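The structure that follows is given in the form of structure tokens.
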Amino acid sequence: MPAGLRARCAEARAIVRANTPVNGEYRLLTLDAPAEVLDCHPGQFFQLLCPEPEGEHPYLRRPMSIYGYDAEAGRLQFLYKVAGAGTRGLATLVPGDALNVLGPLGQGFTMEEGWRNLMLVARGVGLATLAPLARMAQQEGRRLTAVCSARRADLAMSVDLFRSFGAEVIVVHDEDGSSSPEALEALIRARIAAGGVDAFYTCGSSRLLRLLQTLGAEYGIPGEVAMEQQMACGIGMCQACVRPFREGDRRVQRRVCREGPVFPMAEAIL
Amino acid sequence: MPAGLRARCAEARAIVRANTPVNGEYRLLTLDAPAEVLDCHPGQFFQLLCPEPEGEHPYLRRPMSIYGYDAEAGRLQFLYKVAGAGTRGLATLVPGDALNVLGPLGQGFTMEEGWRNLMLVARGVGLATLAPLARMAQQEGRRLTAVCSARRADLAMSVDLFRSFGAEVIVVHDEDGSSSPEALEALIRARIAAGGVDAFYTCGSSRLLRLLQTLGAEYGIPGEVAMEQQMACGIGMCQACVRPFREGDRRVQRRVCREGPVFPMAEAIL
Amino acid sequence: MKDIRSKADLGVTIGGLRLANPIMPASGTFSEDLSDVFDLDVLGAHVLKTIMHEKRGGNPVPRVCDLPGGMLNAIGIPSKGIDDFRDRMLPWWERYAAPLVVSISAHSVDAFARLAAEVSLPGVAAIEANISCPNIEANGNAFAMRPDTTETVMRRLRAATDLPLWAKLTPNTGEPVEVALAAESAGADALVVANTALGMSIDIAARRPRLGNVMGGMSGPAIKPIALRMTYQCAGACRIPVIGCGGIATLQDVLEFMIAGARAVQVGTATFRSPTVMARLVAELQDWADAEGVASIEEVIGTVIRPEGAGA
Amino acid sequence: MKDIRSKADLGVTIGGLRLANPIMPASGTFSEDLSDVFDLDVLGAHVLKTIMHEKRGGNPVPRVCDLPGGMLNAIGIPSKGIDDFRDRMLPWWERYAAPLVVSISAHSVDAFARLAAEVSLPGVAAIEANISCPNIEANGNAFAMRPDTTETVMRRLRAATDLPLWAKLTPNTGEPVEVALAAESAGADALVVANTALGMSIDIAARRPRLGNVMGGMSGPAIKPIALRMTYQCAGACRIPVIGCGGIATLQDVLEFMIAGARAVQVGTATFRSPTVMARLVAELQDWADAEGVASIEEVIGTVIRPEGAGA
């Protein structure tokens, strides 16, 4: 096990500051968290011990990407979609409630020196994962284009947030066909032709990943993807969360929670 | 199954009006309950579907004697001691919460025409069970003496309640020795000698029951006792709650939830 | 087919017996007493507490204890005996149209067969052979723990009665499929899968078992994954119908068992938490089937998709 | 004896091996990775994920699913093989004083015995034979389902190594006591009781099993009563120590198993809910023993009071 893969993480008690609906499907959870869990990196995640909603008993923790973190303010944020028992439990939290969090976990995004023009392409909850990356890009003075894909224009979250981080935001959606693979391909090719793209970042859609893999290979543009898998432990012990990856000619299994959730785009196998 | 043993009961949603500590150990739960569950009789009980306290998962319902009921006001009351997971769950209820109740269940106390002078002897939570009996005695114009036994004088609950039902209340407790079997025996013998006792009612202590069985046999005084047993269904289906009873020369098993919880004092086997 | 205006047919056939719907009680968690709470004729069938030939007392108290997600019981089989059954219980149940299923048990093959003959009376629609109760014999052993003992007892029961004969299996075996196949080959018309799992709980303050009988049967939602697995295994291996039982409490549970291969289900411990649960499940299943446009609930049975390349 | 000022001794002896305390992880729910979270030397022992001789991939995803009170897993035994164990893992674990227990498994008796010899290396304190994993062989069968296969494999393992040898039993059997006695008579130094219970769960919307492998092992608090019952049965029947395992998450659970007869306990799934739980249990057990005035935690083992006249 390479020393680089070891991360400091802790099980800690956070206090809910706010837990508000963002649009019909998503909620933003803002926590006051202790310093021991706030040495975060964009792309990392937490394992949340969700409270039990009426009549349901989620047992395992639920993985959630870090949407926002601020060590000085002692602040930690998650953007989540209510999907099942665990997230229904999260939705019951009110300000002042305690929440047991475990993190930060996994390997975050990397940003090589030479990558000046970044393009971020995300759909749905994938935007949550990429939000802290946008902030880091701004801090490091990179130019960022964020393509946000959604079912409807009004469901594209975080547009303002990405803009506030200085990104150029392009919203594409299903209703006007702008989110179709063909339309997106044309859009990205045009961008590459125009100003150049040094690296891609993506999350939340296999279709988007496949498109970026193709374009990346064609133009020699590197990239990273944040992946998901059913998890149990979240820290590397149980081998639940494996996915196959290309490693040269070989096909290897990697743990999303430990070697990931961020992986080199070209190595991901769908 | 004798038709007389069939009781009307229902599973209903009640709303918490108040849930307040009575002394260090007991709490009084007051509910707004629908009419379908308010055709109650003193000595009957409910099966409460206790909410889950943090980290615990009581599964079965918990039996609780009816402490107070008022069909006109739509009011139902329980007096409970926090003992384990289920009652810890009850203690979390706040006004406005819903509570699923099943009842009224079981056979209550009987009061024969000729029983004019009643003596009620109870300890601990047994007082909860006997409270509605005191009210019935008042309504039916019987004379009632209530002997309330407790560890300390200040722990004797419901004294005021019994007084408000016109009972003469005698508090005995462990600290001054007045609750010892010998002291109590002397007290009761004196009462029998003085004014006469037509019937005993008791609940909450094997020691008290044994004493009353002895005195009852000696003086030919009938009586009734409300008994407890671990329950599952509470309505007679599972055979969990049996206890042995004397039936003439035979020893029979009876279900506390169905044939009881009130039984003729002389038939109880300890 | 998909006509949302018409009502779905909830009827299912279990080895020759037609049930109006697939919801019935589990033995030992049901009795006349429940008629205080709802009209028992809404159920697909009525299954009585196991009876034995002789009058017997059952186990010492405490007979039950509470668990997270369920309970333990060591009721034993307190039984008023065959005379009480014939003279008192059977006439009482005549008031209902729903078929009456009589659960029986015994300590020997001979006594079991005799009892099967004795309960084969007018008014009895089927016999459920409780060959799996973990409390009756020492150390929790039971006929249904092994294929050979299952085969022997079921063959004798088959010869003793013309009524539809159900075998109730136990999860306390390493060979559930072999046991199911043994019951089938011996002539069982259906399998009830399954009884309680043998468990224990200790009161650490008192250092005593929380059951008077030390060990007892675990039931309720906690055992659902085990019962569902056995239902899937048995339905896949046998041609006779499987009736799922173990932890069923919600519409989702009913559907999970039926999708896994159960033609009907029994509801036990859930009735203790909510005595009206079975009536609610019948109504919810109707609503679900109507909304899904299912013509007959039998369409749902065994529709689980087996992933390719799965090991088991 | 009862001196509340002195610290209770939490040390326990398991078949010749002295542990500083009775708390250790269960195989497959523990790895180097947990050293990120707390100092692993607070544990009584370290038990590694089962290894097999060859490199292998494990089961299809999803490999886990959540249940009320626990989970199902069908991880399989993805293994980097014996070379990786010898060259990379074993040196890594040398940093700790706590004894290292290596769990091994194989598909045949021969391969099992060869692997036992191969892992009998300096730095290995004991071998845990996973003869009970329900996922490796078709239909969830395993050596530990029957006394005869248990006896055969354990005898060969006993001959292959001089290290303390533990046998890990399965709840998926109708004969747990016979299996335990077979392991004992074949020379096992201790029993780990028990592995996961075979279960299943279905996603009713997708009509698919929620595990890629269809069936999988159930673990967590939901199986505790079953594992506790087996611990009580095995500790009562055998002279070799029993290590309790199954659903242990709290100090109460630890005490329940020890009172039932376990000399030590393994904690599995609870670590997924709270990765620090084992460290907390060690501290809580110390506090409890100190407060109770227990001189040695071994005083608590097997102190359950068997009620008179109980059936089993």
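To keep things simple, chains are lettered A, B, C and D as they appear, and every chain counts its residues starting from 1.
The rule we apply is simple: a residue touches a chain if its C-beta (ideal position, glycine included) is under 8 Å from a C-beta of that chain, and two chains touch if they have at least 3 such contacts.
Keep in mind the model is a prediction, meaning the values are calculated, not measured.
In summary, no chain was found to touch both subunit C and subunit D. Rounded to a whole number, the gap between the C-alpha centres of subunit A and subunit B is 59 angstrom. Taking each chain's centre as the mean of its C-alpha atoms, subunit A lies 48 Å from subunit C.
For this pair, subunit A with subunit D, the centres built from the Cα atoms lie 36 Å apart.
The set of subunit B residues touching two or more other chains comprises 57. Shared contact sites, meaning residues of subunit C that touch two or more other chains, fall at 67-69.
Viewed as a network of touching protein chains, the structure reduces to a simple linear path.
Taken together, the chains touch in the following pairs: A-D, B-C, C-D.
The touching residues of subunit B, when paired with subunit C in their complex, are 1, 6-11, 49, 56-61, 85-86, 100, 102, 229-243, 253, 258.
Subunit D contributes residues 59-60, 67-69, 72, 74, 76, 135, 138-141, 145-146, 170, 172-175, 177, 197-202, 204, 206-209, 212-215, 218, 221-223, 225-226, 228-229, 232-233, 252, 255-256, 259-260, 303-307, 309-312 to its touches with subunit C in the complex.
Considering their complex, residues 28-34, 36-37, 49, 57-58, 61-71, 73, 75, 78, 92, 220, 269, 271-276 of subunit C touch subunit B.
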